[in-house]
Every structure is written in C-alpha cells, then in structure tokens.
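Both complexes shown next keep chain A, but they swap its partner, so chain B is in the first and chain C is in the second.
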Partner chain A sequence: MSTSVVPPLPKQGFGNWLKKHFFSTWLNSVFTVIFGAVLIWMCIKLSNWAILDAIWSVDNKEHCGHGAGACWAVIQDRGRLIMFGLYPYEEQWRSTLACLIVILTIGLSCLPSFWSIKKLPALWVIGFGTFVLLMRGGFAGLPLVTSEQWGGLSLTIFIFSAVFVLGMPLAVVFALARRSSLPVIAKGTGLFIDLVRSLPLLTILFAAAVVVPLLVPDWLEGNKLGRVVVAFAVFFAVYQAEIIRAGLQSTSQGQEEAAAALGMPYWSLVVDILLPQAFRNTLPSTINQAVITFKETSIVTIIGFFEVMASGNAAIGGGEWTEQFVEVYVFLALVYFVFVFGLSRYGAWLENRMRVGHA
Partner chain B sequence: MLNKLMKLATAASLAFAGATSAQAQDEGVLGEIKARDSLLCTGHNGSYLGFAEVDAQGEWQGFDIEMCRALATAILGSPDKAQIIPISWAQRFPAIQSGDIDVIIKVTGWTMTRDTELGLQYSRPYFIGPFYVMSRSDLGAESISDLEGGVFCVNAGTTVERVLADYMETNGIEYQPLAFEKGEELRAALYAGRCDAIAGFGPFLSSTRVNAPNPDDFTIIGDVIKLEPEGIVVRQGEDDFLDVINWMVTALLLAEENGITSENVDEMKANPPSATVERLLGVTPGVGTRLGLQDDWAYNVIKTVGNYGQIYDRTVGDDSRYKLPRGLNNLWNNGGLLYPLVLD
Partner chain C sequence: MTKLFTSQKFRRTAVQVLFVAAVVLFILATIIVGRTNIADQGIATGFGFLNQTTGWPVSFSLTDVGPRSTYTEVLFAGLLNTMLVGFMTLFFATLLGLFLALMRISSNSLMKLVGTTYVEVFRNVPVILQVFFWYAILTHLPGPRQAYSLADIAFFSNRGLMLPAPSLSGLDILIFLVGCVAIGFGLKSIKSKKTGLRLPLAIIAAVALFVILLVTGRDADVPLWSVPELKGLRFVGGVSLKPEFSALLIGLTLFGASYIGEIIRGGLMSVDKGKLEAGSALGMSAFQINRYIRIPLAFRAMLPSLSNQYIWLMKGTTVGIAIGYPDYFAIVSTSINQSGQTMELLALLMGGFIVVNYSIGFAMNLLNSRLKLKGRS
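Up next, the complex of A and B:
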C-alpha cells in the first residue's frame, strides 16, 4: 500500500504574497507599518514640493522662494544655458544635433552586430567626425564656433565618449604591455601605470590645460580641449588597463599554450581568444569605470570648460536665480541619472546576453 | 619654439628673481593682439555676481566683461573683438603666463605677492572692491556704530568674519557675532529676522538683498569696512600694453568727469567744451598715435561702451539688479576714490 504525499502547493494570490514578505512575524509587521508610513509621508512631501506646489512658468517668478514648492521656472528660463553652455544661441540646434549623433553612435556601438575590428572604428570616425564638424562649423554657411564656446550636455557627452574611445584601445595596449615577456616593456609600463595612478585627475588635467603650452613647441600644442581629452584618456586607460589585466589573468594558461601549439599568431591569440574572455569577465568593473568616468567629467569645469555642471552653476550664479540652486541641482542630478542608469542597465543586459550558452 | 622657451624662462626667472629685461623687446602682446585681431580676456567658470555672468542666451555680461570690451574697442575698434575665455580663479595666473589669455580682468586684488612673485604687472585700480554691512531697514541705522550691540550674522571661518572683527575692534563697537556654516543658512536666518546685520563683499550683499522676500526690508550701509583695490593684470614687461590699459581706464573716467556719455559723444566731438575733451576725442591728434592706436580710440570706446559711470550703473549699479551703491567707486569730486590721469 503506497500513499503518495503531495507536497503542499504554495499559496497563491496577492494577499498571501504580502503576508509572506511583509507581515510574516509581528516584528516584520511593525517594520512594514513604520517604514510604509515614512515612505508615504516622504512621497507626499516630495510630490507636493516637486509637482503640486511647484511654480512652472517664468511669468509667476515673483512667487518663487516664498512658498513651499519647487521653482521650475529657473529651468524654463535657464534650461538652454544649462544644456548648451556658452554655445551661440542661434546655433544651438547644431549642438542638439551633434549631441544626438554621438548618443546614436554610442547606442549603435553598444549593439553586438557592430562589434568588429572594421565596423567599430569606422562608426566612431564617422560619428565623431560629424560631431566635430557640426559643432565647429566654419563651412557651408555655418558660423565658426571654437571649442572654448562648446558647452553644456554635448560637451559632457563629447568628453566622456572621446575619453572612452581613446582610452579603451590604450588600456588594452597597456594591459598587454604589462604582461609582456620583455622585462623592459613590462616594467616600464608598470611604472607608468603606477605613476599616473598616483596623481590626482585634477592635477593631470590642470597640467594638460595650463602647463603643457609652456613646455611644448607651438605646432605640438594643439587645442586645449584636445589636450584635456588626451590627458583624461590616459588617466582612464591606466585604470582600465588594470581591469583588463585582471581579465587576462583569469584566462587559463593552457589556452595560450594550446593556441601556440596550433600555430596561431600572437594577434589572433589576443583578439580571438584572450580579449573576448577578458572583457566578459571584467564587464562589471568596466561598466563601473565608465560610470565613474562619466561623473568625473565635471572636473573639467576647474580649467574653464562649461560642461553641464558648470553651466548649471552659471545659471544660478547670476544673482537672479541664486535661491533656486536646489531646483537646478535636482535637474542636473536627473540628467546624470538618465545617462548613468542607462549605462548600468546596458551593462546588465550585456551580462545576461553573454551568459547565454555559458550556463 | 624660441618664443615658448622665452615665455617659460621669463615665467620661471620672474618667479624667483623678479627680473624684467629680455622679453619686452620682441613683438609684445599688443602686437600679438593686433595680428590676431582679437583680445583674449578672462571670463569665469560659471557666473560671478555682476562682474562676469552668463545670461539666458549664453552671452557674457558684467562689469569686468564690459571693461574687456572697452579695451578691445580701444585696440581693435570693436567690442565684438573681445573673446571671453572661461577661466577659474585658480587658473587665471598660469593661464596668462601660458598665453591662453592676454589680460586678467577678474576682480583681482592688487597684492604684493602677486605683483612681485608671480611675474605680473598691475594697472591702476579700475574698481575699489568694498566690504559693506547690510542691516534691517527697520533699525534705521545710518552708520555701523548705530548697530552697537546688535547681532551680526557671518559665515564661519571666512575672510569676512575676520574683516568684520578687525573693523569692530578698531572702532570700539560691541556686537554679537552669530556664525553659520553655509551661505544658505545665513540668508535664511537673515530673512527670518534673526540677524540685525550681515557683512560681506558688495555684490554678494546686493544679491542677498534683491532675493529677499521684500528687498526694502534691508539697507546696505555706506561705511566700508574694508576695501580691496582691483587692477587689470598683464605679464611683467608688457609696458606698452599696460600703457594702453591705464589710459583706457583714464578715458572712461575723463569722459564721466566731463559729462561725455555714449549718447552725447558725437555732439561733444563736434563742439568740444575744453581742450582736454578735444584731445580725448581725437579732435586734436595725439591721444592715439602716442599709444600706437587710432586717434579716435577713446571716441569709439565711449560711443560703444559708455563712460565709467554708465558701465557701473548698467552692470552692478542702479540700473542693474544689484543696485550696488557707487560709494568709493565714485569720481573724486563726488566723494569717491577714482580720478583720471592728466591728458596733456
């Protein structure tokens, strides 16, 4: 005689879910009630401040600062300054377009179908070329806008993506060089990486912007924005190189030996076997580094570039909107959030995708 | 390359010895400006109240910006030839040594260290930077001594706190200091009526006043508790350029002293009331050629930018939102410290 015991089915329904996760013991219930109340109270406060009591239009400016609500009129009045910095007012459509092109380029290069040694550089050359041509102008009836006047969000995105695109190949070179079997190259690169890492980013950028013109001949001086981007890229590369090196070390020695036994050339070994694994293994740290770099672009304000943070400060520094600094900073935080959150989600998607077939 | 090395060498040698010789002979920055057809001036990395701000259109405006435009007009004939380079406070001295900018017009106080050790040269002060006290209007105070025993709100650990303490001690006025960590807290306390008065740099006080729920509740008292003479800065050895700057400032002051404004300058030029005005506006030649400029440079400056008083009123004075009193920045015959040099 055999009786089969059926395991009890988990109870279904919202009520049970709620009970299981929030009210399972009396202590949990107490916490749920307390934190729920605090959360609701904060939501009400926040929505009152940000939406219900807020002042949206410049016409109502005189009510700003005296009530409890946010004064979004400052964004209406100074929004274009925050987004475009010192870029000439009539030409700001160019900045918008250039910004969209770079975002599109970033978006496209995130798609795995573009990941080839030919497509990716071509995409970036076209994307960046169009950006610089559009921003700079000086042809076909577009007035010339020098890079001193570039600003706002498009400058932030330009600096970030240029640093990333220049820094990434450089990082690969550094990582490989540090693992080189030739001691001079390996030690030399190691020393360079440690040296750059021991300097603060601010010092490096300040030196690139201010000290380099004193030291190098005119023809090598280039433009200030270019120098800053290159210096920033080197800084990014030394950190990223260590991340990639960690990835390279995580591949087993046997694979290199097997490749050598098959007579694969060095570059094929690196491009086809080592780097794909290294990048996959270090994806979380790479995204981490990208996020940090995006946020660090605001440091360029100290050498006189009007990226989005500096433009925000310019908007509230003029006396007219001095009291609305909270609103402007909240707006800036949202702008940063959109990009950083996007980056993180992309990283998560990429990880998921790479896990397929590697269970 | 040679030029670069020269610059570096002078920057280095000046930093140590304060030598002046070599550099002035070659080209000079005045020649570079004319060849480039633009004047590179300091802006700010953000907005600095009343002196260098960016408006909603992303255009620069403010007192220092106007001075730069006046200088560009004097040398190159048009205010549009001034190119404003955004530059932070820390960056201004290295930037002028590296040639990123031609001139610093950025509320830069004339101090001995800067003048002697940084390889810089100052023009005569074009602005007297005042520290004032602002009090509640209902107290009816007309001078700081009327505020005896009052509560003075200050930012903790700032220059202003020291400056105020020095002034009060020197003048034997008792007061109760109330320190705040942040500017916002200080303002909130002031608006809430917790302070009888606050002290600070003129434009800061003005903007605090303008942003008050009711600006008339607060009055800036005329007593200056400290002043800082602000000069225009060039590299050491740029004597010709410095001459132009000094005479540009004088032209603005002379114009105000003689009642020449951007509106009536044409009439004045047609019927000059005095020999000085005649010389200033280039009716009798000499005002330009001796500086290596056009003879009508001063006329152009006054026509396009206005006289000193007009610039002041428009940017920080009565016609601006700051309403900063003229005070020490008045001409000598109106109780101020400013005076033109002699145009002979």
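Up next, the complex of A and C:
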C-alpha cells in the first residue's frame, strides 16, 4: 500500500548555487550585500593604492606622498639594507646563497623520504653548517665577516635555524627526562619546564643578553648572539619537549614492554621505536611550533640585534623615507607571511594526509 | 662490591643523587660568581633598594608615581600597567574572536571568506611588527589642533585617543568592580526555578550601582560625563589613551583575536553533529540548540586551549617595551639599568609573571572543573 517517494535531487545550476551560498535566508542576504559592498570598496581602494597609483622607482620619488598611492621606491632604495643589514656590500651574494641553502634544507626536510632518524639530523647539520661557513667566511679567499655584521633576513634565518638545530636534541632530552622512571629527575625536569614556560620569551632573552655576563666567569661568557641563541633554543626546547612527550605518550605501553622482553637496550628502544612514532604522531604540532618560533625571532630586535624587523625600522628611521613606514611594514609583513604561511599550509596539508591515513 | 654496582636500586639512587648535586652545585656557583661580580661594581645585594626613590619618571601609570616614588611603588605601577593592557586585550580579543569564529562557520560563503582572510593575515605576521605598525600610524596622526574628531566628543591626534568618560574616581571604579562580583555571587545563591531571571536581575543591579556611583560623591559643578575639549595646545577632560597604550592594545587584540577565533571555531566544530540533530529531532529551535547543546559543549572543549592562549597573550604584553609602553618588564629593565640590582630585580620579574600566569591558569582550571560534565565521562 505504501507509495514510495523518490528522494529529492540536489538542485543544480548557478542560481541555486548562489542561493545556497549567499542568499539562503533573508539575514544572510543582508550580510552578503553589506559585506560584499564593503569588500568591493576595500579591494578597489587597495589595488589603487598598492598597484595602480603606486610609485615604483626612485627616479619618481618626488611624487611620493602627494596623494599618490604606495611609494615602493623605498623598497628599491632600501631593500638591500632591509634584506642584508650591515653585511658588506660586495659579499651580499654569500648572504643570499646562504639563505637559499637553509630554505632548501627546510624544503627538503618537508619531503617524507627524508624522514628518518639519521637523514634528518644529517641534512640539518650540513645545511646549517654550510650557512654558517658561507656567512662567516675567512677561508678560500672569502673575507671574514663576523657575526656582529650579520643582519637583515639572513640573521633572522640564522637565529631560526640555530634555534631549531640546538633546540630539537635538547627537547628530546627534556622529554625523556620528564618521563624518566627516576622520580627526582622527572620532577626536577618538570619543574624547570613549567618555570620556563610561564615566563615570556623576551625576559629570557633579556636575561641571556644582559644578566648572564654578570653571573658567569669571563671565560664562559661567549658573544651576545651566541648566548641569545642558546637561551632561545632552551625556550624552544621546553615547548617542543611537551609536544614530544605527548607523542611518546600516544605510543602504546605494550611496545615498551615488548622491547624490554626482547632485551633491547634503552637507547635502542628510544631511537628505533619511540622517537620515530612520537615525531610522526606530532608532526603538525611540531610544524606549528616552528611557525611560532619563526615569528618570534622578531623579538630579538628589542635586545639590539639587526635582524629583518630592526633593519626595516632602520630603513624608515632617519631622513628621507620616514613617511613611507606603511610601505616598509607591509613589505616586512609580506616577507614573514611568505615563510609562515607556506609552513602552516604545509602543516595543514600534512594533518589532512595523516587523518586520511588513520581512518 | 661489584654486587653493589650492578644493583638496580643502588644505581638509581646514585644517578639521582648525582643529578641533585650537579644542580645544587650549578646554582651555588652562579650565585657565588654573581655576587662577587656585582660586589666588584660596588652594588649592595639584597632587597633594601626597594625603599629608595627611583629618580626617573614613568610615562604612563594608573597610580600616582613620579621621580620621587620608591622602587616598590614604581614596580607595582608597572605590574598594574601589564595587567591593564593584558586584561583589556583578553576581553576585546575574545569578543572579536567570537565574531570571527561565527563568521567562519556561517553558511554564507562571503562571510567565511572574510573571516578566513582576516585570520590568515593577522595570524601569520609577527605581533611585534603589528604593534610597530599601529604605533607608527597613531604617531603620524595630525597634531591636537588638526585632530580628527568624531562628533566633537572623541578626538584622534598624535598625542593619543581622547574619549569621553563618566566622571568616576578611582575609588568609584573599585567599588563598582567589587559590587559587580558581589552581585554575581549574590544572585548565584538564589535558589529559584526561574534561573532565567538571574541575568536580567544582575544587569539591572549593575546598572543601578553604576548610576548611584555616578550621581553621588562628586562636586556639584562637575558634569556627569567628562568630554575632551581642545584648550590651547592640548586636550582637557575625558580619558586619554596614549599612543603607546593604544598601539599595544590594538596590535595585541587584532593578533590575539585571530588565534582565539580559531580556538572558538574548533570548539564549536567539535560538537558531535548527532547531538545537534537529536536536538532538532526533539523539536528544539535553532536558538535552543545553540543555547542548550552547542555552546555548553563547545565551551568545555575549548577551555584548555583558551586558557593557554590567554596566558600567551599576557606574556605577549612584554613587546610593549619596543614602543615605550612602561609595562612590568620595561620598568624592571629600566630599574636594572639604573640601580644595578640585577639578580633581585630578575627574581621579582619572574615572580611577577609566575603569579599573574598561575592566577589565570588557576581561574581557568576552576572554571573547567566547575563546568565539567558530571557523571561518567
């Protein structure tokens, strides 16, 4: 007796698509109209400012600021200062090459074929080592450029990669120590991690730059950049240690017991069984932490380093370009955005891939 | 003897004793070297300096401090500055974050696009760059005489933002805040079937308290609302937000909102779809589903990440030093320069942040355990 009803087909066509996405209810229609109008107005204004009315070359710089659009001439004029800081002019190709090598290293370590416990550290040590050698020079006819003269984007990249290279092994040690079966070591490490985590990065870097020279004997002082990088690495390590610890906890207890039953030594258990799984499980959070670290390198500008944020400020600091601060800050934002957005998109892609893999 | 070394128990104890000894030795060595280095510079150790006058002015503070104030007073003013900008950031960023989250989960693709663009732009640029940017914008505004005005009651100039304000003294504001908390607790204890009455009652009581404070306890010739006015080269009346404060607040709020928006969105999305469908199957309206199912569950899911983010933002206020906002860290760092009491001030700095952050963590944990779903999890 029952009459069967065919399920309604989803409506097709451009009109229905528009209705579903923009005008589904009267409230949505109102929002669409208002937001659409504001958005179109903003896009027109922005493209006029940034492209159509913009002044691109230093030759036309007298037109800047008189109702014209963006004055990108400042980037042409001060671009080298922003990118290289006080690095000697003739040697700036080295700085460029060194940055490209680290970017290549970051790119390669994103490829799954490099994800092994031997390849990844080797890749980073080689990449970072080449970077330092190229930047420093002092061999094979390359003039010596000491770290006081490093600046701009290459200093940012140096701090980021040094923090990563030093911080990662430290993070593994912290994570293992916090999970140690020896109560004193576990509690002590836990206390240290929580203490550092409750402090702002800036205060730790400040302590490393200004206070540590007072507290250690002269022979241990090192240079300021070295101290700050080590302090930054410790800061990175305590956050990364918590991520690794979460990854270690997600491996099942049975695996550790199985390894013990087979008589595997502790280091083999850690290196061959626990760490690969811990890293794989927490890859998205690790990348997120790398992204945060890259953004936070900008903090060192406050304690007097000439990285890309500080050199940007210097470009508008004195003299002729003081009115072009918007252009310079937008340019700096774009520089950071390229790195950070790229890395975070990669993290999101990876997360998606893993979710598919687990289902 | 070999038996002793192969014994698990002995080895475990020995390793731990060595660990403790190394840590103690390290701390002792640092203190000894530090003390001698500082004594070489002729600086007395100890906390006695806290009662000395500083001799330098503080550009912005809630309490009345100047060159004649003691270190204790100035440090306290710095801590208040940090908390002022921190808590205001948390409030506004949460509000804006909520809007962003609602935009990103809306069915309207245009709103989704706007929300997503905002989050991607503001989240992927360092907060210090954003603060520098807003500071540059605010200090490049025209001078007081050419200030932009909003209906002649609010003015924007390179001296800061001048806003109208109710004529309340500091004591009035304190009474109001305490009163609000008291109202909250008072109404919480009312056992009534009509719990829906609580919120309207609380709002009425708070407004009444505000009006009473505004009308009473002021001189007869002072108006109820103080409006800024241009007198000569500067503004008189109202409340003035210095460019340093405003830039830090705007920068941190816009940056924090992008993170908080993502946390709220994650919370809202984490609610099991079946529960929402069950609600609509029971005949609940869209508002009821949101009010009684979605928001309570989402709120519980996002609380832990939210409290982490709040603590992060509180720590983020330290970038204020870059544009000259005298927060706790800036005050401590000036004090170190001026007095040389490095170790003591560093301890106070860490102590201050630990107290503030642990209080936020504690409050959020309390909220979390209060709200936790009762019964089997």
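Everything that follows uses one rule, which is that the second predicted complex is superposed on the first by the 304 of 359 C-alpha atoms of A that agree within 3 Å, B and C clash if a C-alpha of one lies under 4 Å from a C-alpha of the other, contacts with A are read in each partner's own complex, and residues count from 1 in each chain.
Note that in this section a contact is a pair of C-beta atoms (placed from the backbone, for glycine too) under 8 Å apart; a residue touches a chain by one contact, two chains touch by 3 or more.
Only a predicted model underlies this, so the values are computations on that prediction, with no experimental measurement involved.
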Sticking to the clash and touch definitions up top, decide whether chain B and chain C on chain A clash or fit. clash
What is the contact status of A:80 with respect to chain B (first) and chain C (second): first, second, both, or neither? first
With the two complexes superposed on chain A, say which partner A:89 touches: chain B (first), chain C (second), both, or neither. first
Could you tell me if A:107 is touching chain B, chain C, both of them or neither one (first, second, both, neither)? neither
One more residue to check, A:301. First (chain B), second (chain C), both or neither? both
Of the partners chain B and chain C, which touch A:226 in the superposed model: first, second, both, neither? neither
Return first, second, both or neither, reflecting whether A:184 touches chain B, chain C, both chains, or no partner chain. second
In the overlaid three-chain picture, which partner chain does A:215 touch, first (chain B) or second (chain C), both, or neither? both
Can A:318 be said to touch chain B (first), chain C (second), both, or neither? first
On chain A, the residue positions that both chain B and chain C contact, one per complex: 206, 210-211, 214-217, 301-302, 313, 316, 323, 325
How about chain A: which of its residues touch chain B in the complex? 65-66, 77-78, 80-81, 84-89, 148, 151, 206, 209-211, 213-218, 224, 301-306, 310-311, 313-320, 322-323, 325
Counting only contacts in the complex, chain B reaches chain A at residues 1, 3-4, 7-8, 11, 43-50, 53-60, 83, 85-88, 90-91, 94-95, 97-100, 184, 187, 203, 206-207, 210-211, 213, 321-322
Can you name the residues of chain C that touch chain A in the complex? 12, 15-16, 19-20, 23, 30, 33-34, 37-38, 106-111, 114, 120-121, 124-129, 132-133, 136-137, 140, 311, 315-316, 318-319, 321-322, 329, 333, 336, 342-343, 346, 349-350, 353-354, 357-358
Hey, which residues of chain A end up touching chain C in the complex? 20-22, 24, 28, 31-32, 35-36, 39, 181-185, 188, 195, 198-203, 206-207, 210-211, 214-217, 295-296, 298-299, 301-302, 309, 313, 316, 323, 325-326, 329, 332-333, 336-337, 340-341, 344
